[in-house]
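Both of the next two complexes hold subunit A, though its partner changes from subunit B to subunit C.
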Partner chain A sequence: MNQDRARPWLLSAPALVLFLVMLVTPLVMTAVLSFNSFDFYGGIKPTFGLENYADVLGDSYFYEIFGRTFLIALVTTLICALVGTPQAYFLLRMRPLWRSVMILVVLGPLLISVVVRTLGWAILLGNNGVINDALKNLALIDRPIKMMYTSGGIVLALVHVMIPFMILAVWAALQRQDPATEKAAESLGARPATVFRRIVLPQAMPGILSGSLIVFSLSASAFATPAILGGRRVKVVSTTVYDEFLNTLNWPLGAAIAIILLVSVLAIMVAWNRLVEKRFAGVFE
Partner chain B sequence: MAILELRDLTKRFGATTAVDHFTLSVEKGEFVSLLGPSGCGKTTTLQMIAGFETPSGGSILLNGRDLRSVPARQRGLGIVFQTYALFPHMTVEENVGFGLEMRKVPGDERRRRIAAALDLVHLSHLSGRYPRQMSGGQRQRVALARALVIEPELLLLDEPLSNLDAKLREEMQLELRRIQQEAGVTTLLVTHDQSEAMALSDRIAVMQGGRLIQEASPFEAYDRPTNAFVSTFLGKSNAIDAHLEETRDDGAVLRCGDIRLAGPPSPARPGPVLISLRPERIELCDAAAAHVSGRVGERIFLGDQWLFKVETSLGELLVVRPNSGRREPEPGETVHLSWRTEHLRILAAEPAA
Partner chain C sequence: MRRNGVFAKLFSLVFALFMLAPLVVVVGVSFTPEGFLEFPPSGISLRWFRAILDNPDFIDAAIVSLQLGVASATIATAICIPAALAIGGGRFPGRDALQALFLSPLTVPTVVLGIAFLRFLSTLGLNGTFWGLVFCHVVIIVPFVLRLVLASVVGLDPSIARAATSLGAPSLTVFRRITLPAIIPGVVGGWVLAFITSFDELTVTVFIVNPATTTLPVKLFSHITQTTDPLVASVSTVAILFTVALMLVVDRIYGLDRLLIGEGSH
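Now for the complex of A and B:
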């Protein structure tokens, strides 16, 4: 009896230990660190105060960075939803053989390191990159279009990184729908576009919303892509945190920014979830 | 006049022929069932009528108009799907109104027709519910209302009751028949359930291997099956191998092993035949009057009936007797069986497989 009760705990012990050591501990330490103080001559002092938070929240420089980060994440999410939803629907309608090939194509990018992929984007987007060279050679432009070190370039690369998550989420939702509902709508006189808009899309909505949640939170905290494509000029929150830790060496301030990012992303996720649950209560399981 | 006419309808998938020169016509107001085991082509036939599959050959005429080049959305058929296929994100009212909305029926008339359709299926009080909040039987009714509200020339029902439990299924059979008659809509039902087909239809088309085997009223199909498949698929039947010795105007002479039996007049030619005898037409009698005697092997109580398996020299015979409270033979007892000659059906012998 006693043994039976202990067994689930024993079996999950490795995961729990990993979770505690690798996630909870550094998180708590970061939180503690964010209350400490720092000066350039004495380094980090184990005091307790809110001045780091006051610094961040009182400085328009940081507002700009947070604003840019969330805007990039929002636009990335919107594009992912717009591109990923039809793609998931086409995947669903494909013949099994083609479907497995296309799923591999969709998921393929996930097998390649984000850094490698982003460097690929840098090669494409640079002032002397593939795209600008091609346009110049075609005599469509005289001067290169600036794409590196812009928010637009970051969004473009992030969409590429994030879209598999959106497609998988929408795909899962579409698989739960009864394919006969499309036939039913058709038999009642609906055109293909109407069937998609009125029948397929609403049923894919839970998937689009959960996919948005994943894409938004991952984009808001993405590091490698904005670091490589944004550089020093287009800073987002995660690259700012990195700079505070490794260049300015002001760890407490970096920790405070990290905690603010974590809390605001969490708040947005919870609010979003509430909204979705309220809107679709009673309609979907 | 025939509302629906299928002429030599054929559908091939690669090397297999799902529907093979199927011809059938359905009259206005009629309730016709396509009955057959799974894989007999009945669902493919329905899909072709609905416009979801393209025929490989033959034609489908609705009110005399060839449907070949008419897309599914313009055929104006009411369809009830096996899974009901209700739109989960719409209320009952919105589900039923969808077809009217597509037809751009103005708001006032739309509301009136939705109300009338929900009234017909007795669901007026649930118009604001979502499908998920309803029972299987209620969803079934919504699907029916949604199909009927567009006033289709033809209602197609694809195994509509197969997802319901046994008790509810019986209730819905009666309900379906009432609704069909009240709406006066021509209906084609696809089913593998023989009792459903018999209870609901004016006419049954039995299909096997993509072909039409028999087309008759339920009573006729049950009582006068034209082949062994129909006799065993519709209800229970004893199939006895026999040899037809001679036929005369007043009857036939059959031989099963050493036993000679009298049969009804038959157009069959002398030679090997199959005799079909319904279990409920066999009676218990005295030894003197018996056609055959045997020993009760198994006795199964079915509530309203007793089912006996009797080992006789004709083989094992099923005998069904109503439970009327009398003493019934025990297993191991010897019983004497008789039947009226006209209840024997002489069918062509199944070709050796």
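Now for the complex of A and C:
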């Protein structure tokens, strides 16, 4: 009996030890670091105070960076939901052969490095990039539209990176739906758009909501895409943390910014879950 | 179910073009004979593929990434199999907390994990070491492996293993002859997904490498942020071909949608 009770813990022990050493300890050390102080001559000092947090929360420069980061994440999430939801539905209705091809197209990019995908967007969006060249050749514009080093360019590339997660989540929800509900609506004379809005959308909602959460939290902490497409000119939280750690070397301040990011992402996730549970209590019962 | 109408087909076509465009331009640019990024290329040349051979930095980085991916995926799989058997084997006090802990690297922003590992490893004097990188990657990829292995463990019929035990088989034999063969698709799928995740990882890795352990994504990233020559495109093209080949194999064996959704959808 005693051996039975210990068995799951024995089996989990290697992973548990690894996580205590390699995840819990580093995160606690980072939290402690964020309370330390720093000066450019003496480096990190093991003091304990809130001045890093006061620095971040009292500086409009950081408000701008946090505001931009969450705005980019929010817009990315909205676009992913608006485009990904119908695409997941269309995917479900494709012939098996086309569906397999489309799954490769939708999910394949997930397995290709974000750096490579963002390089593609840099080539597309540059002032002498593919899109501007094409528009110039069609005589639609005289001067290039600025897309590199803008929040809009970052959003576009982030949608490309994140939308597979949304499609996966919505698709999983749609596969649980009963196809008879659609048939019933159709046989009663509903138009396709009505079927989508009144029958499919409510059943896809749990997937849209969970997909939105994934996309939002990943976008808020994305690094490669804003670093390559935004550079020093359009800074977000993760690139700011990177600069504090590897360029300015003010680790305590960088740690404080990172902890604020962690706490705000977690707070948004908890609030979102609460909201969803309250609003859709009936759906999940 | 009704098939898609014209609007749905058009929508899907435009969406597919959007998904493929950045990859197509990267591959296209890599064949340029010129010294700058141009698309469509003015000619077809293998100049920038030959240039990879003259840049041992990229080859070294690719070798580090391969070794790192194999080592971390193997360790992650080895510790996830027993953990998944424990978590999927039935209720016990603390089970939900344990599972939440093992999945938590998905919730923590990667940049936070990056600086946490940097702080930890540099305190121990292990920053930039290969094995330091390996264990950081193990933490990041455990959630992916655990989900896939757990999905196949949950589908197990416990009565078969019980029958083998009652016939006198030692527990290691039961594992090797009964349990492992039954969960092997999830294990293989988990390993591959873990390998790819490790092979592509940038945000955490960029904080904890040194010049000797630079991985391919980090090398590409620092090259892109400093210069723009078609070399990054040709290296990326090789990486894309490698991933596509791996993907097609996985799709045949396990199903790409199953691998990424993490549940039986066939």
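As a convention for this text, the second predicted complex is superposed on the first by the 284 of 285 C-alpha atoms of A that agree within 3 Å, B and C clash if a C-alpha of one lies under 4 Å from a C-alpha of the other, contacts with A are read in each partner's own complex, and residues count from 1 in each chain.
By definition in this document, contacts are C-beta pairs under 8 Å (C-beta built on N, C-alpha and C of every residue); 3 or more make two chains touch, one makes a residue touch a chain.
Keep in mind it's a predicted model, so treat the numbers as computed, not measured.
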Subunit A as common anchor, with subunit B and subunit C clashing or fitting: fit
First (subunit B), second (subunit C), both or neither touched by A:203: first
First, second, both or neither for A:186, with subunit B first and subunit C second: both
First (subunit B), second (subunit C), both or neither touched by A:145: neither
Touched partner set for A:268, first subunit B, second subunit C, both or neither: neither
Contacts of A:74 with subunit B and subunit C, given as first, second, both or neither: neither
Superposed arrangement, angle subtended at the Cα centre of subunit A by subunit B and subunit C, nearest 10 degrees: 80
Subunit B versus subunit C as contact partner of A:30, first or second or both or neither: second
Subunit B versus subunit C as contact partner of A:106, first or second or both or neither: second
Partner, of subunit C and subunit B, that touches more residues belonging to subunit A: C
Touched partner set for A:258, first subunit B, second subunit C, both or neither: second
After fitting on chain A: smallest Cα gap, subunit B-subunit C, Å: 8
On subunit A, the residue positions that both subunit B and subunit C contact, one per complex: 183, 186
Parts of subunit A lying in touch with subunit B, wherever the complex brings them together: 177-178, 180-181, 183-191, 194, 198-199, 202-203, 205, 280, 282-285
Touch list for subunit C against partner subunit A, complex: 1-5, 8, 11-12, 15-16, 18-26, 29, 37, 39, 78-80, 82-83, 85-87, 89, 92, 94-95, 98, 101-102, 104-105, 107-113, 115-120, 123, 135-136, 138-139, 142, 196, 199-200, 202-203, 206-207, 216-217, 220-221, 224-225, 228, 232-233, 236, 239-240, 243-244, 246-247, 251, 256-257, 260-261, 263, 265
In the complex, subunit B residues that touch subunit A: 50-52, 72-79, 81-83, 85-89, 98-99, 102-103, 130, 132-133, 146, 150
Interface residues, subunit A side, partner subunit C - complex: 5, 7-9, 11-12, 14-16, 18-19, 22-23, 25-27, 29-30, 33, 83, 86-87, 90-95, 102-124, 126, 130, 157, 160, 163-164, 168, 171-172, 175, 179, 182-183, 186, 192, 217, 220-224, 227-228, 231, 237-238, 241-242, 245-246, 251, 254-255, 258-259, 261-262, 265-266, 269
